[in-house]
Every structure is written in structure tokens, then in C-alpha cells.
Amino acid sequence: MIEHGIVLDHDRQRRIGFDEAIFAESKSIAQIEAIAAQAIEARTPRLFTRLDAMKYEALANPIRKALDYDPISRTAFVGERTKARGPAQVAIVTGGSSDLHASREAMRTLEYHGQASLHVPDVGVAGLWRLLDRIEEIRPMRVVIVVAGMEGALPSVVAGLVPGLVIALPTSVGYGVAEGGRAALHSALASCAPGLATVNIDNGYGAACAALRALGAGLSSS
Amino acid sequence: MIEHGIVLDHDRQRRIGFDEAIFAESKSIAQIEAIAAQAIEARTPRLFTRLDAMKYEALANPIRKALDYDPISRTAFVGERTKARGPAQVAIVTGGSSDLHASREAMRTLEYHGQASLHVPDVGVAGLWRLLDRIEEIRPMRVVIVVAGMEGALPSVVAGLVPGLVIALPTSVGYGVAEGGRAALHSALASCAPGLATVNIDNGYGAACAALRALGAGLSSS
Amino acid sequence: MIEHGIVLDHDRQRRIGFDEAIFAESKSIAQIEAIAAQAIEARTPRLFTRLDAMKYEALANPIRKALDYDPISRTAFVGERTKARGPAQVAIVTGGSSDLHASREAMRTLEYHGQASLHVPDVGVAGLWRLLDRIEEIRPMRVVIVVAGMEGALPSVVAGLVPGLVIALPTSVGYGVAEGGRAALHSALASCAPGLATVNIDNGYGAACAALRALGAGLSSS
Amino acid sequence: MIEHGIVLDHDRQRRIGFDEAIFAESKSIAQIEAIAAQAIEARTPRLFTRLDAMKYEALANPIRKALDYDPISRTAFVGERTKARGPAQVAIVTGGSSDLHASREAMRTLEYHGQASLHVPDVGVAGLWRLLDRIEEIRPMRVVIVVAGMEGALPSVVAGLVPGLVIALPTSVGYGVAEGGRAALHSALASCAPGLATVNIDNGYGAACAALRALGAGLSSS
Amino acid sequence: MIEHGIVLDHDRQRRIGFDEAIFAESKSIAQIEAIAAQAIEARTPRLFTRLDAMKYEALANPIRKALDYDPISRTAFVGERTKARGPAQVAIVTGGSSDLHASREAMRTLEYHGQASLHVPDVGVAGLWRLLDRIEEIRPMRVVIVVAGMEGALPSVVAGLVPGLVIALPTSVGYGVAEGGRAALHSALASCAPGLATVNIDNGYGAACAALRALGAGLSSS
Amino acid sequence: MIEHGIVLDHDRQRRIGFDEAIFAESKSIAQIEAIAAQAIEARTPRLFTRLDAMKYEALANPIRKALDYDPISRTAFVGERTKARGPAQVAIVTGGSSDLHASREAMRTLEYHGQASLHVPDVGVAGLWRLLDRIEEIRPMRVVIVVAGMEGALPSVVAGLVPGLVIALPTSVGYGVAEGGRAALHSALASCAPGLATVNIDNGYGAACAALRALGAGLSSS
Amino acid sequence: MIEHGIVLDHDRQRRIGFDEAIFAESKSIAQIEAIAAQAIEARTPRLFTRLDAMKYEALANPIRKALDYDPISRTAFVGERTKARGPAQVAIVTGGSSDLHASREAMRTLEYHGQASLHVPDVGVAGLWRLLDRIEEIRPMRVVIVVAGMEGALPSVVAGLVPGLVIALPTSVGYGVAEGGRAALHSALASCAPGLATVNIDNGYGAACAALRALGAGLSSS
Amino acid sequence: MIEHGIVLDHDRQRRIGFDEAIFAESKSIAQIEAIAAQAIEARTPRLFTRLDAMKYEALANPIRKALDYDPISRTAFVGERTKARGPAQVAIVTGGSSDLHASREAMRTLEYHGQASLHVPDVGVAGLWRLLDRIEEIRPMRVVIVVAGMEGALPSVVAGLVPGLVIALPTSVGYGVAEGGRAALHSALASCAPGLATVNIDNGYGAACAALRALGAGLSSS
């Protein structure tokens, strides 16, 4: 694929426990098709992120058909993937129904890597009872990904209530000072709750990978 | 006082219901002494804000003695002031014990204007039970000033629980992305809780004045 | 509606005195239709904000017809709403005719909650006489929402002239350093006029909710 | 003075109508003494700006004595200077008594160049009557320098009332979002009043030089 | 026009020497038509700024025909305007051919107000000889508007060479750190050349109005 | 301790697996002494962070003596603490010897909670061999905290080489665009390496707590 | 071409060793056609940058045909150009396949000026072996341009491994805090590797010109 | 030195052509003494940067005496260093006498590595003749480092006049929008002059190292 300027990191699985996902946002149709074709031919699975619906529709027919595509998260899978093993160890807690693009990207990434997850949607702090109603389900989880835009208060509240690793996933939902997601990101970083970690704005893929690292999958295989 | 470049707004009480407070931070000792001396002579009360302890100590003796000074809030009063009328209609809810400089500035401003207030300290969201333990005391208040630094999640949580006017008072407590208080300010502005209003970072005086306006004092006198 | 990732805060009216409005900006057509359909079926009123004209046109016909839609403010109502009670206690003072999207969002939110309001349009500080001509109408109001983009000087001028609660509503009107509304927002926060509170840029809904809180509606019902 | 890394622009007066002022803030005592000594010896006048009191006190005795120093504006003159010619054509209008450092830097620069000026102090918009009381004195001026920190609303209000050239001089007075003066600067730039020009924060020297340019002094000499 | 939320400042000409221009960017077609129709009917001239070609094309036919429209500057005139009086007193010096939108907005505004101007295009500092070739034409001008995007070095260079009032007009031309024009704006504000004034990014109208103020037109008429 | 505005979260250990640390930076001497005295009396351990040397020296003698103080990390312990259990599961990898304040805060927090850690100092990317020399020691760790200021490239490089949870700990070391640590923080957030999580600038305490959460200590006790 | 506001710097080749390239982004079709027509007529070569495909397609036919156009880099050549002399002295090392727009702009600019270059694509730090595999090819180069978006760690790693001039070329690839390329730019500026220079975000043309300067072409001709 | 957390990159000279300099700003006295002592003992030269006068005075006597210290640049050398070879190939052009801290850091770094340099001080663009007077001396240089604070226009002007590699060295000199040096940095990055490279604010060491790389010293030794 060197003609497309692409050198895949085929050694990544061995080093860190999961393979290279393809960030489709700044890639051309031709680059995406080349990567997918190679995966299909080699019968290796491959995950694509940030593949928007227009680009997906523009892919050549056999490749488009080979993809398991989800328009909300803008993710696509090709190839056989690991079956989910055992009960969920990761919860994905979401502030609002506008944040689904990010929470589903995290969920789909976990799914691709064979991890089930528990979903707790639309429990923003403006109506705190919605979170408190479900907190006992969340408490035993080893990892809790908390998805929130606007002021991003939810990750701090959750991190004060549960013992597992809490990963904030700030989203770009909001306007005015919240536009672009910096307000939610800064809330996560400046949290008064101890031990809250964060990833970049809208980076559902990264939050899921951090969860996979915390669960130690790559360690057992190395 | 024109020789000090000062023209007091002696008409303010009539227009908006409270007199002009003196922002001492960028004023010289001579300017502060001139204003205080005039108030003492005219037997009119006067409130000073942002008067740090070093400046206070540097004031001429008779003036320093005439001031009722509080070093935590850096406020000083001179002259007779209105006695508090009736039970508290304003709660001041504070996230952490590091935010006292701001919450006491609000309390002292209310006190200067004859308003009692209810204090609910150190109830940050990392330990949510502390707030929930006291929420029934806060609920009937007409105005709730919520003081918080760091990620500033507390005002959003409170505004989701009580019906009165909630005024966020973000503080500059914190470091890294929280340094200077912008993270807490943006949380207040971007809140998912409806109808949360805010004032500038560390502006306890402004939060108290907004509360006075909401209580309608100036309206009855106009 | 859990299939759309939606958990409405049906308890909000009881807690804070008004029900949950639907922020339509980041929601899909399907999500909006589901919420509206439920409101129509349950015969409960519902307010939608940030519903742009293209999304409105895309809604299924019976739902679109059931909505009372205003394209300037991008708000829609469904269901019976409270009749306005008594004379206006809230003024909405607007700097320029470019700010109507925000001032009308505030007006429509008040209307939805049964509050009349007084409108004072196009009185920016470049022609100060326009404001001074109408200041006596504004002075008796319990709450004054001041809408301004560009340099945002108007809220400070108004707050120096009237005793009621003044809520700045900065708008994103302007270019260069004013683009996005931060200049107007910072003017409101940094105001030399005492007790000026503010909400996020273009947040007409929030300004109206803060006014409702200040008027104490939720308190009487709690 | 090449040993101090200094090459004065001795040709500036001929080109643009006024000589080079010395920005003392980042210069060493030795550099300042060398420049002052040369001016004394050559019997040419020289203006120093941003010369703080500690640096002034540290200067060698004969040089310190030769300087006409003003601690508020941190300016110093050496040598004979032009006598003021005729009545004031420039007004300096100041928002608050905390802004004197900047307004006096402008006044002293004009004085050094032989221009009288009219001073209108402490007329911030929170008490608008103070400005309206004096507006007829300001109206006939060819140039009006308006000095304001915090939200910086005053330059916009003045520019809506007078026909002369209005130069905003934003100051760093304020805290929170106003800290450092960006809020006041952005208000000047984003003004809804037509034809308001601005200079850098706290740049009283620059505002005065722009006024001198507008008065055309350099043109007549060129 | 109150039904469009419009209250024109009909008194502006008397106060500051020029009438109110209409900022069309955030106005609706209906609002623009109403203002133009009134001007046509009243036979008063009117200047529109930021009227993009698509909006212009959408105007009702008789109104569109009555407008003298320039698509580069996005300005339109209606009605008789003042004839230019005497030789040019204002130069407009432009860094690059990408800055024409702003320099023509300034030129058209001057033309509307009866002021001729001298144009010196494409003389950016990367090829300094282009400016030096024409500097003697520029030197006698009472006002020099210097238009520059990217790093915005040109206004500083010009202000070091001519005695008149130099007004920087930063433009949004550029990418990376120059995107939006802040780099050019900050260069103007931080200039080492004395007495450089500036207006907002892309504000050709404002630069021209500042020039008109400096030329004293409004003063003679007041 | 309510007289100091302090309400400790005594329930935190039960909820999330570790007790409340005291952020001493914005607290008064009196507040710190009160908290330490209570811990000594109650024979409960307590961790203090951001206790600078001057504040430490100012503490009353018996309290100062009771503290195990480290001036580099500005941390102090009081009381018996958990002995380290088993071999290190956490590595702390540091870019430069200027970053010790943060890496030692992480190390001391882990030590307080009974966790040994492996230290790999001064392995910044400018001399990559230093990291590669030690990478096999780091690879088996369940958690790797990577401490880096300036451009913050180290966390990305490490996260591409090891399978465990990698937590970036950006520091405020650097000048110019690196001042305050934002450049290093943004590098961590924008990393091309998958699953890198981050905490706030200089937040060694937070990085250690996130590690404790990932190790699941609180889960086993809940 | 003065009717298009264009004054080409025809003297540039003599002064600095290469001719003026045309930045097409903010230029009109008419301006681009005029410049190209003149070059064709005068049989002088000319380089256009930032000529997007839509603008290219809109050019008049004979001009479009005369251009050697590359849509990825958005560059076009007209006229005969220098043949490449000798082996490559410049390497272009690229982090990811999304950065091709910038790396090809650098390559095409070098090609236009007769410089061959070595390409090393897709060697981002997440898979470090890809860079280490090729480092011996890169080491002898006199100039190494390192192209990277997101966190921009690659230029620091390369600058620690090779002795030639390393020029960072940050790209706008990324989202959240990386959006627009500031994170990558700041990494280059704050690098712990000594002597790393940088150019503006996405400025492949500038990186190539800096390389040409370092190779001394203009010196030999001057 | 591992007890001080220090692992020197002893291999750097071989890889990139110059040894590791010690950034003293965030290092303790003990760390600096340990590094200097080792260099003295091993008779290897060593360069220290950002060693402020107070730290220098605090060093143990034998070490302090062994250092060749310059307080303006805050640099120190220990050990024998390379004699300068041949005539200067690098010019250091400085905008103002306030920028000496940075220009001398560059000069001292070149001197430490055996490179003479030509100094052209105080030639800021406000008095352009000062630069034009000396441009013929600068033109033949292979590298030109241009040092400028405030608006940073000088690097663009120089890069338009000379063919060698031009490295901008922005400084933190200035106030208001120039405070901290971002305005000067952005001017360098956004320059309209082709092929201008830049380093971080006040990074004289980095500018000199980039010059050394461009001169190819490390290449000949590798």
C-alpha cells in the first residue's frame, strides 16, 4: 500500500495487545478501499473509525458490503471478530441523548475487541435521580467510561461514587463556551474527585482502548 | 476628592437600590484613605472590597480603626449599617474550604446590606452525601449562591435540585487547566441545568448584589 | 424511549418548578419525533429549543402540524400551555435587530411558562437616546434580560440604571474578536455595574429560566 | 552606545514628527543611564516610559536629579520641552480612578510634546450621569482618548456621542475574565459605535502618539 | 420598522457627523428590504455593509436595482451621495491582492461620504521595494489606512515612515496561526512603531469612519 | 472542624477505596493544623498534597513533627500507613530531572496507599536509547505513569511500546508555548497512540489514584 | 495586472534565490488567470499553492491545460522548470497517511526548484519500528522535513536521532484539542530535542523554502 | 548521578553533532552542582542555560569559580571549548536593546560550539534605515538569526531581503497582547516572506543549535 503512503503497524497486536484501527477522517476513498481490500484478502479483522456516511456510501460496492457499518458512531468492522467473553466489566454512562456518537464509538470498539459493556444512557446531573437509580449496577464495574458534553459535571459525580477506573469521555456537544468540548474536557481534568482520567474530546475509540489496557488483555498475551 | 481622580456615584442608591462599593485592588493608599475619611465625616456607610491585609495595615491609624475588617474576604465596612431583617432568604453553598475568600465576600456584602444568609460549607460533589444531607434546608431559599472552583460541577448539581434563583460564583481555586478559574466559570455557563446564572470568577460582591436585586430591595425603594 | 437513548426527567417540574425542555440541536429526527409523539399522546406540553427550520421541515407530518413553531427563535411548543398571568414583570431589552434569534428564544420560553414580557428592541449604546427614551418603562420590572452581541456594552449601561435583577444574554453576533460572542460574554462578566448576572452566549432559554426562578414560580409550587 | 546594544533612531523626528521615546521596562539600569547621559550632554529632550519607581531610585544621582519623574504614570522627561500651544484639542476621559497609570501616561506624553489636554476622570458607565454631565465639554475636541478597564464599555458610549477621533485605551484593571485587559480591548475592537480606533492595553504612550498624528504636527514639519 | 425590531439612529449625523450604516450580515432579507425601501421613499442615502452576493441577489427587484452594489467589498449604496471634495487626504495601502475585500470596504465607505482616496495595492513587506517606491506619495496624507493579513508587519513599517495618522486594518487572510486574523491584529496592537491605532479584523468600514473622524468632518458640522 | 469551613468526606474509603487527601495549596495554616490534629487524635492516617516548605515550616511544632514530609513532592503523611504488598505493578517513567516534583507526588501517593512502584527517570525522547534500554522492565507493568513537560512526546512513545494502562502526567516544565504545561497536556490528549489516558498538569496525586483504581483495590473492598 | 490589485515581486529571485509563488486561496479566478496568462506569455515559470480542485476546474481552458496540477497538494506549475540536480539532500518524513496534503506540497515545491527529495511516509511514533527501520537512510540528509499532525511527537524523536537541519511541518490533522494543528505546532516549538525549527501549520511550501535556503542555492547566485 | 534523577545523553555528540546542554531553570542547586562536578572531573566541556544569577551565586565555591558565566544570557560554560574556526557564517540581528537576553544566549551557544557570529543590534522596523544601512553585511551569511519581541515584524522584513536560512527568535518583550511573546511568535509563523523558520519564544539556545545543524557540523562528523 506504499503507493497510498500507508505503512500499517502490523506488529501492534504483539506489542500492546490490539491491532491498528484506521482513522478514516482525513483519508481518501482510495486509501480506505486499499486498506479494507487488504484486510478482506488477508482475512484479518480491521476497525475503521470516523468513517462518515457520505464516505461510506462512496466506497466501491464489494468493499461497502463487506463492512459492518454503524452510522451513529461512524465505525465499521471488516472480518471475523472476537466473541464477547463473560459478563460486562465496563460500564458506559452517558449524560445526554446527544452524546450517542461518542458513547457508541466506545461501545463498538469494545465489541470489536470482544468485550461486552453495560449501557446507562441519559443520566445527566440536571436530574440526578436518574444516575442514583442505577448506581448499584455501575459500582462493581472495573472500568466506567463517563460520556458528557456541555459543562461535563457527570464524570466528577460518578468518580465520587464508584471505586473502579473512571475514564471521562468529553464530547463536543454544546454551544457558546461549550462549543468544541473544551469546557467538558477541562471539567474532567480539573475534577475534585480523585483519580479521574480523561481522553480527548469525542474520542470514544481512545476511551475504549484505555479500558482494554486497564483490563490487562494485552498483558496476558505478551 | 477630584484631586485623587475620584467622582463617587452618590446617586446610585436612588437608581438601583444600593450604594457604590469601593474596589480597593488597584487604588492607592491615599485614594482609599480619602474615600474612607469622607464617609466617616459624612457619617455615611461605605463598603470596601479587595482590600488586602497589607494595604489595610498601611492605612492611617484613625481610619484603620474605624474599619470593620475581615482578612479572609478582604472586605471592610465603615459606618452604621442596616440591621438584618427577618430570616435568611439567601443560601451560600460552598464546594471546598479553599473557596472561603469568595463565599465570605458574598456573605459580608449581604450583611452590609442587612440580609442574613444560610451557610452550607464544604459540600463538593466528590462526596455528594454532604450536599444531599442539607438539601432540604437549601430548597426553600429564594436565592442560592453556589461557590466552586476546580471543575465547578456543584452549581449544576444544585440547580437541578432547587427552584430558587441559582447564582454560580466560580473561584480561581485550582491548578493546570483550572488555574485562574476559567474551567469553573465555563462549567457554570455551559450547565445542562436550566436557568443557572453566573458572575465573574471570585466576584463574591457581584453574586451578593445580584441576590439583592432578585430580592427586589431596590424596587420597593424606587 | 430508551431505544433512542432518552430518559426524560419527568420529576423536574416538582423539584425546580418547570419541566424539561428538549435541546434539539444534536438530536436526530427520530429522537425528536419520539419525544414529540409521547408528549402528544400523554397530552403534556413540551418545549423544543434549537430546532432549525430544516429539521422542522423533515419531521413527519402529524408531528410537524402539532407544533407551534417559530423559525427566528427556532423554538417549538406542543400541547396546551399556561395562560399569561397579569402584567409583564420581565423586560427583554435588545441591542440590535441582529440579536432577535436570542431575544425571541427568551420571549418564547417565558410565553410557554405563562409569563408576559415587555420588548424593547434595537437600543444599542451607539445611539444612547433610544435606551434613555424607554428607561422609565424598564425601571419597574423585577427582571431585565439584556441581549447584546459585538462589544456587549448594553447590559452594563442598563444595570447602572435599573434596580431589578439584570441578566445579560450575550449573542454571537459580530466578527473578528467578537466572533462567537466571547467579547460580549466577557463584557457582561467583567462589568463595572454591580450585580449583573449572565448566561451562556445565545442562551435565550437559560436567561428566561433564570427569570422564572427569580420570580419564584417554582418556590410557590414546592 | 553601541556597547549597550543601543542604536537610537535619531532620524525619527524628521520622518514622523516626534522623537524616539525609551521603553524602560526591559532595559537595564546601565542602558537607561547611558541614554539619559547622552541626552543631558547633547541637550536634547528625551521621554522615558515604563520606568518603575525601583529602577528610578536605582539610577545614579546626577541622572536621577535631571529627570522630571512621575511615579503614577512611570514616565520621566529630561531636557527642555515644547511649551503647550493654545487650548486643549485632546480630551482624556477615564472610567475609574484605578486607570490613572494609563491616563497619566497619555497626558504626560502629550505634555512632553507641547499639547495641553482636558481631563475627565471617573465617569464609568455604571453611573452614566457623570459622563452626561460633562459631555458638552468633550464634544468639540478633535481627539478623545477614552481610558477603561474591566468590561470597557465607556469608549463605545463616548464614540456614540462625539464627532472627533475616539481612541480607546483599554487598561489591565480587573480580575477573572478581565485580568490582563483583554475584555476591555475586545470591547473596543468589537464596538457597535462607528470609527472607534484602539491601541494596546495600558499603552497610554501610543494613544497620545496617535492623537499627535491625528493633529497633524508631523505633517506641518515634513 | 418596529415590526422588524428596527429603530434607526436618525440622530447620528447630528451627533457624530455621519449617518448609520446597516450591518447586513445577521439581518434577514425582509429587514434589509424594509430599511432600503424606507431610504428610497425618504430620498435619504444609506450605506449597507456585509451584504453578500447571495443576499443581494435575493432582494426584491426594485430594491436590488436601486442599489449601487460592489461584490468584492460586499457594500451597497442607495440614494444620492456627497461628491468627493478636493484631492485625496487618505491613502489606503494594502499588503496583498487577497486583502481587497477589506481595502475596498474602506474605499467605498470613504466614497459614500465624499472622500477621495489614494490606493497603493500589493506592497507587502516580503518585497519591500514595492512600498519604498511609493512612499513619497503616501507621506503627505493626513490619514493612512494600512491593510494586511498574515503576520501583519506592514502597518508597523509604514508607521515608521510617515507622519500622518496610521490606522491598521488587519484582515483574516492566512491559515494556521494566522487563521481568523488574530496574528495580524496583535501585530498592529503590539507594534514598536509609535502611535499606530487599529480597528477590528476585516473592519474596513470602521477604518474609514475613524479616518472621517480624524479629518474632522463631524466637528465642522456640529 | 466546621469552624474552619471543613466537612471531611469520612465515607470516601468505603465508596471508592481510598480516603480523602488534603489539598493544602489554598488552605490556611489554621485549617491544615486542625485537620492534622484531628488525624493524630483519631489515629487515622492522612495524606497532604501541595504543602509547600514555607507552610510546612509555619506549622505548630507537635504537628510538624508528626508529619513525614517530602519537600520535592510537597507531600506529607500522618499516621500509620499500609505496608507495600508484593512487587511493583506500577512504573513511573519520567522525561527529565526537572519533572521530579510531579513524579515524586505520584510515587508518594502510591507509597501512602501501600503500593510499591518502579522508577525510570530522565528518559526523554531527545535521547531515545535511554528509554529503549529499560523498556523490558516497563513492559510487564499493569500501569505505567509517564511524566513529561515541554512537548510531552514521551507518553505517546511509551504507549506505542507497552500493553498496560498508560497514564500521562503532563508537567508545567518549559517556557514560551510550553509555559504552564498546556503543550504537554495537549500532546497527551491528541496522541496517535491508542488508549492513552491523562490527568491534569502536575497532578501526580491524580495519576496515582487512577492507578489505584485500575489495580482494583477499592473493588475488592466494596 | 494592476487592475487586479497585483504587483508581482519580480526582483525576488535576485534577492533571495527563488521567485514569488502565488497563494491562490484568497484570490479570485480572474486574479489567478491573469497571473498565469502573464507567466505563459512571458515564458517564465510560476508556482501556485493552495489552488483547490474547484478553483482549478473553473479556470479558462487554455490556462487550465497549461498547468501541471496535483490535487492532493493543491499545487500547480506553469512553464519550464529546473531539472533536479544530483541526489536528494532533503528527506520528507511523514507521520501518517492523512498528512499527505502537506508533505506533497513540500515535495512539489522542492521539485519546482530542481531539488530531489527522499520520502519516508507513515512512520508515526505509535509504531516506532517503522522509523527506526529507515533511520539510516535519513541520517545523511542535510535537511529533514518532518510532517506530523495530532500530538506532533515525531519531529522531536527525529531531531534526537539525526544531525541535519530538522524542520517540523505541523499539520491540522486531528480533532478535539488537536483541531487546527496547534497541539502539533506547540510540540515542535517546545521540543526537548535541540535545534528543531518549525514553520506554520500545513505550510509545506514554507518548509521547502526553508530547506532551499539552508542548502544555500540563493547564496551562490547572489 | 542517578541519585539526582539524572541520566545524561552521553551519546548525543555522536548522533547529532553536539553534546547535551543543561537546562538549569527547573533544576535544584544540588542537581546543577552534581552535573558541573562530573564535567570538571571528566574534563569534558558542558553548557548550562537558564542559570539565573541567584542560582549561580548559590553554587558551591569551586564550582562557581570553574564556570564562565554571563548574567545577561544566563549561560555558563565549564571546560575547554572549541576555538572559533574561520569567519562568521551566522548573523544575529536584533530588534531592540531589550532583547539582549535572547540574542546573547544564541551568541554564547555558537561561541561554545566554536562558531563566530556577526552582531547587528537594535535595528527594529520602526526606524528601517538602521537595518538597510547594514543589510549588505548580512546578505552573504549562510544563517541569519533574527531576534524580535513586540509585534515581531523584523524577521519577515529580513527574510524578504536575504537568501540565507532565516531563523526567527521571538522574545517575550512587550505587554498587553504582546505579553509572553505569542504575538511575535505568530508573526514569524504567519510571515508572508517565504521560508522563514522559527523556534520557541526566548529560545536563543535552540536558534543557535538550528544554525549549527544548517551549517552541517554534525554531518561531517557522522
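Chains: A, B, C, D, E, F, G and H, in written order; residue numbering restarts at 1 for each.
Everything below uses one rule, namely that contacts are C-beta pairs under 8 Å (C-beta built on N, C-alpha and C of every residue); 3 or more make two chains touch, one makes a residue touch a chain.
No experiment lies behind these values; they were computed from the predicted model shown.
Chemist: Shared touching chains for subunit D and subunit H?
Modeler: Neighbours common to subunit D and subunit H are E.
Chemist: So subunit C and subunit E: same face meeting same face, with over half the numbers shared, or different?
Modeler: different
Chemist: Among the chains, which one keeps its Cα centre farthest from the Cα centre of subunit E?
Modeler: It is F whose centre lies farthest from that of subunit E.
Chemist: Whole-Å distance, subunit D centre to subunit G centre, using C-alpha means?
Modeler: 44
Chemist: Averaging over Cα atoms per chain, report the distance between subunit E and subunit G in Å.
Modeler: Distance between chain centres, rounded to whole Å: 35 Å.
Chemist: So how far apart, in whole Å, are subunit B and subunit C when each is placed at the average of its C-alpha atoms?
Modeler: About 27 Å separates the centre of subunit B from that of subunit C.
Chemist: Centroid of subunit A to centroid of subunit E, CA atoms only: how many Å?
Modeler: 49
Chemist: In subunit H, what residues contact two or more other chains?
Modeler: As it turns out, subunit H has residues touching two or more other chains at 12, 20, 96, 126-127, 159-161, 176-178, 182, 185, 189-190, 194, 200-201.
Chemist: According to the definition of touch, which chains form touching pairs?
Modeler: A-B, A-C, A-F, A-G, B-C, B-D, B-F, C-D, C-E, D-E, D-H, E-G, E-H, F-G, F-H, G-H
Chemist: Which residues, counting only subunit G, touch subunit E once they are in their complex?
Modeler: Its residues touching subunit E are 2, 4-7, 9, 11-12, 20, 23, 25-27, 31, 50, 170, 172, 180-182, 185, 200-203.
Chemist: Going by the contact rule set out above, which residues of subunit F touch subunit H in the complex?
Modeler: 94, 96-100, 121-123, 126-127, 129-130, 149, 173, 175-179
Chemist: Flag every residue of subunit F that touches subunit G in the complex, lowest number first.
Modeler: Against subunit G, subunit F makes touches at 95-96, 124-128, 150-153, 156-157, 159-161, 174, 176-178, 182-194.
Chemist: Where on subunit A does subunit F make contact in their complex?
Modeler: Subunit A reaches subunit F through residues 12, 15-18, 20-21, 139-140, 142, 159-167, 185, 189-190, 194-201, 205-206, 208-214, 216-219, 221-222.
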